[in-house]
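Below are two complexes that have chain A in common, paired first with chain B and then with chain C.
Let's turn to the complex of A and B:
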């Protein structure tokens, strides 16, 4: 873990893209302030018919799936012992740290009575049959675990005198010795809550179109989250490598993309097989809004498999990038459909996020990118230029 | 048709309604305690208070009551005669000592008047005065003379020594029918002719007898009137609008109204607001306790007639029967939306622009990234600028 092959990128932090991102964060911050001063209705279009809006769907459900890079890679690197992928680990972890921490922030914005949130931690109020309760506790625990997993990056950066003064070298030794516990937790916890995010939809019943509603929702959410985790690692690596002119990790990514393709294949087999078993596949060709969404989704899920199944195409950076984008779009659309677009609460309820609601989400995402940029420039996150695997 | 056998009478299974016991409603100790507990519940008190009410009601010294009738129709008394738990007889024979009541006292003329005077003298400061009917004040009150005296004077006289004064019925509470325009006798409420005194008002035309009985028993038990509102009506009975507890309220909220008598909605038992029900502006507990002791739903609105607001000054006998009520809670729109009409907020131009902007940015950034990659695939040493990383995640 700490072979110090990782190093800070350096370079100026206040670049032009950074300033543009900052502007969006400020706009988002303004609306967040309004939400806390004047209440939800001031900024949001959420209603009794649609109590789950953009903040939960984009920032939490899709956001944590994007944050699954660390989880997915840890599974591959530490559980399956594929240490070739280790250079990708820290950036993936960092993505997870921000994906999840800001998902937590989004939940606090979304909770109507956020000041009651601490009651989640009171064992005497625990409702252990609630899926949402499991998600809440699990996500809180995982955010903590992610920061602990990421902590060595801070420790490596600190001047030795500082560490000496606060006795942090002992902490560093402790982390080095027991990191396997946190890595274990870091694989266990997302398995729990990423599948639970699918279980949440089980309560929707007939509100959710039968094309999405299935008892297999937990498995579908888990497998697509893992695939998205690999997708995010590939996207991140490609963009960062190109933006900052780092040596290519193409060989690693090509291998990784095939793992993701395998997961997508599993996803599609389960999904289509389940639709066949339930006799609902006909709905996919009904020609209505739901069938349209389902077909787009399935096409996006299938496209990466078609691209990545051949080794020649897999080695092509352009096609691989397209496959990655398609994969991430498929997973995001699947979540968006399951939580919003394929839901009909009945009684004529309609929902489309309001502009302030969207700007808060945009602000949160921009904040995430800004923090990511700061961290990779100042902390040893990215794999150094001097050593390239293979 | 079956007849009551002597054997049934002897074994006590059937009580002869004409006997003394039957006339008292056949009140056994158990039934009496149940009644008192029921009164406590009506008053919103703890059920333990039922015992205190029972003690108060059976105290050896029954509190004397003097009942004066002014411009009235005896409807309030008729209403009380139809109370069955207990019957009025139980009240006036066992619980209170009704020393004077024009319609109910056995004596007449000078004898009755003398008895009233004697009772007032003996119980000065302790008796309860009940008045039904409004008090005419024009021309010195000559439009209602009892025993050769204007009732106005009698009321003022008797009120001087009363421990508590109850105005029963809308006439006594706020003037009622006699005070309606053009009010030829300048009829006024009891409170209006007794400035400085507290008159407990039990409005209604007629009022529900149990509101009166419960108030009396509260007085007997605690020696003070129940909690009153700003118009001196007991809160337990007049604290809420009829509209708030009406069994037809869900129809109001859903916009299902009867539009004329006998139409589909009327036969379905829908809300009567649009045919003039005054429930939304009238305070009373009618929907909660009903009338006539024949079970749930037996009150004007329950049987399909709009409330005409008898308990409320300015509504009953004043507003036309078919005029729409002024809804005190919230007014319904003139046209209700259908049950499945669109609710919630949909897309706004700004939101659509933001979504389109994000989509455009995504496609643009993706295209930029791809263009660079083609160069890479062609082994060109050219590297594209770093701008493609912004705005996308």
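Let's turn to the complex of A and C:
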């Protein structure tokens, strides 16, 4: 028996939680329909002062950071040769597949002239100085790479005769032989676009509070995205293990959490150091809304480091879970602040999302969870999974 | 040092080393980070000098703008039933309004162009930046700057509606039509369709006092400097329509200007420039540095992605390491499973 034993989880698909998720997807779908029939103002509070709302910030900027599990783990497993983490690899990859694919769906809802979206791929329209252009192409390429990386899970599930008939065994052999190329791309592409999601904000200038606006934005976004990637792997692994009563992967998670803590430390050193160097650290204690947000963020970033610094606390599953939640909240709030809450377009503009707007975001996330559940139950994704009798 | 901390530090160090492969390039390059070269005014740049002290707030420019560009009237909802469609009361530029006159009010509003107990007018539309943020962010080249006149135009056939031009514009000029199912971006294009016929932009054409004055940016700059140098209150001859054109000028006492020509340097310079009697921040013209944020953003991109050398080198390293890793793991693809072994 090899160490890498992935199996379908089995069990019924249509459970009560699944139906509840489905309900939210339907509600979201209803508002998506309204958005396309009557325009964005019908469902959203976005305005020309805040033209970027929850669809981009929650589903794309934060959503793809949550989809960084595959990226972060591939870096550790394949690039740094830490194969002990391998059992976590495929579920992390699946999280990435859905995190990114549904971010793409959210973009299509958000694009004001979606029927022109293919212009992004037309060389004569390309605008190579645009950070958004780079992010768009990079994310599209990465979604493709993620599905290719995940393909072996489908292929393993197919009957050999079927594969033979459609020549898929050749494809399987090709993937097996050249997977390292896709693994390389699967690390490069998120490195590029996750850092560029920080560079996007460089255009904001004085609209963005100096507590966030810095030339180090790309590094800060990249390091926090990686930390969130490890955070998501830990969260997902803990939740799945608890829900489906699988063997615990506590020892692995404890190790992984310390890698995440190292990244958070790097993030804080760069961020605080940069504020000191620019002489803007005083703003953190100005007592206004921005300083308040900054202090919450910093506390959330620091808390996991404090928890995980001790090996005893790190071995405690409950504390480790707390650190994971804090880490993910920190990275999410950092993105929410940078893109929305720390932005002031002036002229009295304010933004708070409408309920239908949020329901679309919730619907997309629920769809993501539903697809994840279907996949882990029917495809060989989880490590050491066994059929649960119900 | 207690063993816990030592182990943690070791863990942290190895974590940082772990990410080094991916992070090293951006870090080393960000140190050498600098904005790209600022862009310069195009050779035949046309522009506008808006003199707030000359503006009487008649809004003829707003009506002319709507007519020239075929834009619909905007009415507040609670009055929309009243003489429907025959009048316009746009509050600010929007998806349906490219140009608007706004008023600054303070206290008793006793005197025009005074900050305290006064009032002042300001005109809001595209400033046609020398180094525009909207062009820099647009992923599909929908925003274009004319190489000679410098007019910034928008091509709705290219536009995907991502609204980063709205987000990134330091003046909040491009406006998306959120209330339309097939909305588009609206922005002042300096009536380039009229200019092509040798006509003036509609707002400058109809302005009765020459508050909106069309001309070559260099000439307008000289005119503005002359006004700033003149003594407040003394009689001055103000041209109308186009600077150096054939319209009759008029004489009026020169305003008490703020000693600042807004747009000369703001955000790397703009082709529409403002002379005002009250500080520009009070009129919704934001305080901005002398460089364009587009230069900052593109400086970063050009450093990190110069010739795609760094990403390709990184990819090479990653593929090499991934291959070595697959080999040391047993010479087989690491995503392979036992089931597969059994079936093949």
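In the analysis below, the second predicted complex is superposed on the first by the 380 of 390 C-alpha atoms of A that agree within 3 Å, B and C clash if a C-alpha of one lies under 4 Å from a C-alpha of the other, contacts with A are read in each partner's own complex, and residues count from 1 in each chain.
Note that contacts are C-beta pairs under 8 Å (C-beta built on N, C-alpha and C of every residue); 3 or more make two chains touch, one makes a residue touch a chain.
These numbers were taken from a predicted model, which means no experiment stands behind them.
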Following the superposition defined at the top, how do chain B and chain C come out on chain A, clash or fit?
clash
Looking at A:123, would you say it contacts chain B, chain C, both, or neither? Reply first, second, both or neither.
neither
Under the stated touch criterion, which partner chain does A:49 make contact with: chain B (first), chain C (second), both, or neither?
both
Tell me the contact category for A:167 with respect to chain B and chain C: first, second, both or neither.
neither
In the superposed arrangement, which partner chain does A:245 touch: chain B (first), chain C (second), both, or neither?
first
Contacts for A:351 in the overlay, against chain B (first) and chain C (second): which applies, first, second, both or neither?
first
Quick one: is A:81 in contact with chain B, with chain C, with both, or with neither? Answer first, second, both or neither.
second
With both complexes superposed on chain A, which partner does A:12 reach: first (chain B), second (chain C), both or neither?
neither
Touching partner for A:282 - first (chain B), second (chain C), both, neither:
neither
For the three-chain arrangement built by superposition, which of chain B and chain C touches the greater number of chain A residues?
C
Counting only touches as set out at the top, which of chain B and chain C does A:316 meet: first, second, both, neither?
first
The only stretch of chain B that collides with chain C once the two complexes are overlaid, out of 113-121, 203-211, 293-301 or 383-391, is 293-301
Contacts on chain A seen with chain B and repeated with chain C across the two complexes:
47, 49, 346-347, 349
Chain C contact footprint on chain A (complex, rising order)
1-2, 4-7, 36-42, 44, 46-49, 51-52, 75-83, 86, 89-90, 110-114, 116-117, 119-120, 122, 125-127, 129-134, 136, 149, 152, 155-156, 160, 169, 175-177, 179-181, 183-185, 187-188, 191-192, 195-196, 199-200, 202-207, 215-216, 218-219, 222-223, 226, 258-263, 265-266, 308-312, 345-347, 349, 380
Interface with chain A, chain B side, in the complex: residues 338-348, 350-351, 353-355, 358, 366, 369-370, 372-374, 376-377, 383-384, 386-393
Would you pull the chain A residues touching chain B in the complex into a rising list?
17, 20-21, 45, 47, 49-50, 66, 238-240, 242-245, 316-318, 321-322, 325, 346-355, 357-359, 362, 365, 368-369
Residue set of chain C touching chain A in the complex reads 4-5, 7-8, 11-16, 18-19, 21-23, 26-27, 30, 33, 92, 94-95, 133, 135-142, 156-164, 166-168, 170, 172, 174-185, 284, 286-289, 293-294, 296-298, 300-302, 304-305, 311, 314-315, 318-326, 328-329, 332-341, 343-344
